[in-house]
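In what follows, a structure is listed as structure tokens, so that the remarks can point back to it.
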Amino acid sequence: MLVVMNSNATEEQIANVVKSIESKGFEARISRGEIKIVISAIGSKLTDKRDFELLSGVTEVIQLTTSYKLTTRAFKSDDTIVEVNGVKFGGKYAGMIAGPCAVETYEQVDETAKKLSEIGVKILRGGAFKPRTSPYAFQGIGEEGLKILRSVADKYGMAIATEIIDVSQIDMFMKYVDIFQVGARNMQNFNLLKELGTVHKPIILKRGLSSTYEEWLMSAEYIMAGGNGQIILCERGIRTFETYTRNTLDLAAIPVVKKLSHLPVIVDPSHGTGLRDKVEPMSRAAVAGGCDGLIIEVHYNPDCALCDGAQSLYPEQYKQLYDEIKQIAPIVGKEIL
Amino acid sequence: MLVVMNSNATEEQIANVVKSIESKGFEARISRGEIKIVISAIGSKLTDKRDFELLSGVTEVIQLTTSYKLTTRAFKSDDTIVEVNGVKFGGKYAGMIAGPCAVETYEQVDETAKKLSEIGVKILRGGAFKPRTSPYAFQGIGEEGLKILRSVADKYGMAIATEIIDVSQIDMFMKYVDIFQVGARNMQNFNLLKELGTVHKPIILKRGLSSTYEEWLMSAEYIMAGGNGQIILCERGIRTFETYTRNTLDLAAIPVVKKLSHLPVIVDPSHGTGLRDKVEPMSRAAVAGGCDGLIIEVHYNPDCALCDGAQSLYPEQYKQLYDEIKQIAPIVGKEIL
Amino acid sequence: MLVVMNSNATEEQIANVVKSIESKGFEARISRGEIKIVISAIGSKLTDKRDFELLSGVTEVIQLTTSYKLTTRAFKSDDTIVEVNGVKFGGKYAGMIAGPCAVETYEQVDETAKKLSEIGVKILRGGAFKPRTSPYAFQGIGEEGLKILRSVADKYGMAIATEIIDVSQIDMFMKYVDIFQVGARNMQNFNLLKELGTVHKPIILKRGLSSTYEEWLMSAEYIMAGGNGQIILCERGIRTFETYTRNTLDLAAIPVVKKLSHLPVIVDPSHGTGLRDKVEPMSRAAVAGGCDGLIIEVHYNPDCALCDGAQSLYPEQYKQLYDEIKQIAPIVGKEIL
Amino acid sequence: MLVVMNSNATEEQIANVVKSIESKGFEARISRGEIKIVISAIGSKLTDKRDFELLSGVTEVIQLTTSYKLTTRAFKSDDTIVEVNGVKFGGKYAGMIAGPCAVETYEQVDETAKKLSEIGVKILRGGAFKPRTSPYAFQGIGEEGLKILRSVADKYGMAIATEIIDVSQIDMFMKYVDIFQVGARNMQNFNLLKELGTVHKPIILKRGLSSTYEEWLMSAEYIMAGGNGQIILCERGIRTFETYTRNTLDLAAIPVVKKLSHLPVIVDPSHGTGLRDKVEPMSRAAVAGGCDGLIIEVHYNPDCALCDGAQSLYPEQYKQLYDEIKQIAPIVGKEIL
């Protein structure tokens, strides 16, 4: 930590800052410049920089120790590759996940999975428990939905990814699910993250609606600190002043987070835009931008979907998109799986 | 719902929209204007407006039925007043809650509560379970903290408000706590909200970092729909591009939400600004703006606080602030309790 | 315009709304639903919807007439193609513009233009007048810079695009410049936009830091209303809570704005990210997302640039990027010029 | 400037950073810690920190020299008080400015000014040139409006404040206007700011829709650097994800900016909220928060206003508000003028 003071700070003010630094268990080193005096607090403890910001004579306090460690490139320089059902996320590979927003009926999942499977998709998505803004909206069909997903996935040799919304569901999910998904609204549900650290299954961690890259990696750190390193980060759009699209898909997250961290970064253009005809261009853009995978909503009959039908692709649209990204991927050194 | 089409839409396009509306269980009524054609979908069902936005010829779709009901002024026109330990929130009253950010030791809580009690505060706050961005930061002392709060509160005749972060803690909280607080990060933890709907204790529901007024009221609706109408809404700052303050305290939330809803709205200037010297002016501003209460962090020795000391007031600062808002309140027709 | 009232609105309230609508020169039509009453105000006048929002009994007011007209697809359904020096923006074409952030010396522009010209770039960018946040930062070399740009461009058979920051510069610019660029900070400098409507040169209109798609098109409307339809819209990142990148590049703007308007949309990944190593992936992403061109900062020696060197590509980086996007473009039906 | 490197940076990387620092004209000092190495660049030059961020081994670069100088408390520790027509802004005083959004007719200004004058207002506001998002909206009546303002103001012994939107208007404004107002959209119209630095009249500088406190002060620095220190900063709401209110009024700007700078800070609750019934509580809040003045839209007949009638107060509402803030001001050590 660096405490910056004006060069006209009094010796008494400087001494007071030094005293404060030492009282928190750090060593203090003073460096006097023309315009500013900088006092370094040396040590590996965590502290709240605002404790120093209010001291007399202080103009700024700068934190140096990043609080996430296991998730950083400094900790592990090579890409983490998460593999599920032969599909790889990370390194040279971009994995595909597709399926309906919500599980509705066996037939709906079966019809959709069949078509996806024919196209080459090996991981099926679908929500059984849906976190909805309104208490009066469709909330998912629960464990029955997990059973349907499992049964259909087994039929077509697919793995499944689905959202968990409470710690109490972990045991139930262990019976059916291959990839646990943590939604944007739960990105800082720290109890849930801690428990998922003890699970031996891959976790998709979606970015919160207003979470910075650093907070996102901190949440991943909760999972890794618990012992589970199979984490797939998922950019799904952030909230901004622009309301035309459901969210603002922040594709720069791909190169930024992949530089900061060794974890794979996939993109969800369905929630990121909220509009079917924007899903295709943004999917292609994500692949050209170097993402490690895509998770896309596809429904065999979007017009009758109980949830988010308007952002779901028709299977034939997905097929065409799949063909296009297969061509784009090698240009950026990636292979679509 | 209103589906707006260009006046040059074809009869076939119009017929297709009408068919879609009817297939979702609504009645359709067409109104042709000079520039636009508006088709009203009459009925009380919930639907996803994007299902219609993508239909050919449609320029805009407008939702009319607000999805929150019990929390609206239309449902209940007079102010809801929540009363705890003789303190009232809502109507002509503004209630005061104060205490340390986190419970650290018996002595710390006791010293702080003693001073607050002398000033006239009857509700003590303090966190036993702390949701922290970093897994390596202090996470609170747990149930031991609740015991300390209870014990000290009983000594001084105070009630306690503290944050609950998981459904599994409800039974434990019932033993010790008078007011359950739902933090900003859990504002859309719908499982928790549903369960709190069955609790017979007041709930402080903080606004999420990037939640709109409508989403905030929707979350309150989850609690009310479960049968618990004792809800106190708490504005605590939103996330914006401005990073100088911890959050941007949105005081306009007071008059806006109080017009939309009958529920009381209090303000947390400590998290809203994150800086001690901004807490006082923003507290006075909140009272002058008509808030129904304040929740403020006070620590008998902020410089040694384990958490958020930099935004905690000294007891003597709080006393002066208390005197000032006692003078401001009657000017806006309020009484400080 | 639609004025929405609760179904329990009194006849007096309804009559009052009707009177207000008529007093503003509209015709009023009432449509009574189960939950809501909707009063349509028919007519082509512009009005401020808030005038009706505060009337007693009104719950919502919805504007129907979009205020931009000439720039809409409804006005002109086929893509506008802007052509400069044989380079086309729009339709099946994506045009390339490159060059240094700021004009510094003849040698710097000459060295950079020579390399760009060899790669195939036919439009050179470079700022002679730089709008800078600080009055103490380098503000550009003025008209001398325009002369350098013109002279170098003529040498290599290139056209030039450069930023205009004041109405008073128009005559001077007419002598040297092929494409006038309006920067993000001037997107709502309406006096400048009006004057540019009378200029017979293409205009690059950058999106403001916090401007919605609609406001952006409204600003283009100012230019088109003046008689100049040669407008190239440029997405260059918006301001959000995320401060790691200089701005948040909103690539969804490409498909969204191209659906709303017939005007071409290009992308500036240099300002959009502010970091050289993010420019390449975001450029590829923009092309895969269907943009009509790219404007990229390239400097023959970025380490010595007087302005924004950190976001400027080395010429060899640009060459590699150029090769990659040449491969991506045909996959999305585009040709790079 | 401080360049932070990981403690495992190689000596070659460190040497390279030192070389870069020295090549930009700074002196470099290395300080090695346990986790980080910090290299200080000593000197008073301005530089772009991103030039160092991309150097190998660098994790972070921190700018120390604030780029605004004349506007800081460090430069001038006592409050600047701007006085116009006996009204003071700053120090112990809060000045009142009121009037219609736009000048429409002599009668309208006269009727409004008469009522305001009776209440005690000595500075009249009113727009003659209106920057409007749409080219088809009412743009103001121009110089005729300035004449009306002047004539009415003289009749009632008032001063006038009105918005300037282009450099070319300065001479015209000098003839009629007492306070030049720079609107939010022109906060970074640097040409205009530079010219206003040479004017000997007070300037109201509104905060841009998405401008940070620092950028706002930088814009004030442009004016002060030109020689004009009579600047009144005006918070008028920022753009956030919340669209219910026209903008999000950031009242914390008052204590924050007043700590950073010696300049007075006033508040515009009319644009800040955009809704008449929110203007009153936010005005009271601003005064209780310590603002140095208020600028409020008042119209003798808001229902017929050509512009922003919905956010304009009725004269009698303003009178009641005036009485309330007269009572609140002394509690926070202020006098209303």
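Each chain gets a letter, A, B, C and D, in the order it is written, and its residues are counted from 1.
Simple rule for what comes next: a contact is a pair of C-beta atoms (placed from the backbone, for glycine too) under 8 Å apart; a residue touches a chain by one contact, two chains touch by 3 or more.
Please read these numbers as outputs of a predicted model, since none were measured by experiment.
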More Cb-Cb contact pairs, comparing B-D against A-D, go to B-D
Greatest Cα-centre separation from chain C belongs to chain B
Distance in whole angstrom between the CA centres of chain A and chain B is 26
Per the C-alpha centroid definition, the whole-Å distance linking chain B and chain D comes out as 30
Distance between the CA centroids of chain A and chain D (whole Å) is 38
Where chain C touches two or more other chains simultaneously, the residues are 210, 239-241, 243, 277
Residue positions on chain B within touch of chain C in the complex are 2, 4, 6, 8, 29, 31, 33-36, 38, 40, 42-44, 59-60, 62, 64-66, 74, 210, 239-241, 243
Touching chain D in the complex, chain C uses residues 20, 46, 48, 50-51, 53-54, 67-68, 131-137, 139, 165-168, 185-186, 188-191, 194, 209-210, 215, 218-219, 221-222, 225, 239, 274-277, 303, 307-311
Chain C partner, complex, touching residues on chain A are 210, 212-214, 238, 240-245, 248-252, 254-256, 259, 272-273, 277-278, 281-282, 284-290, 324, 327-328, 331-332
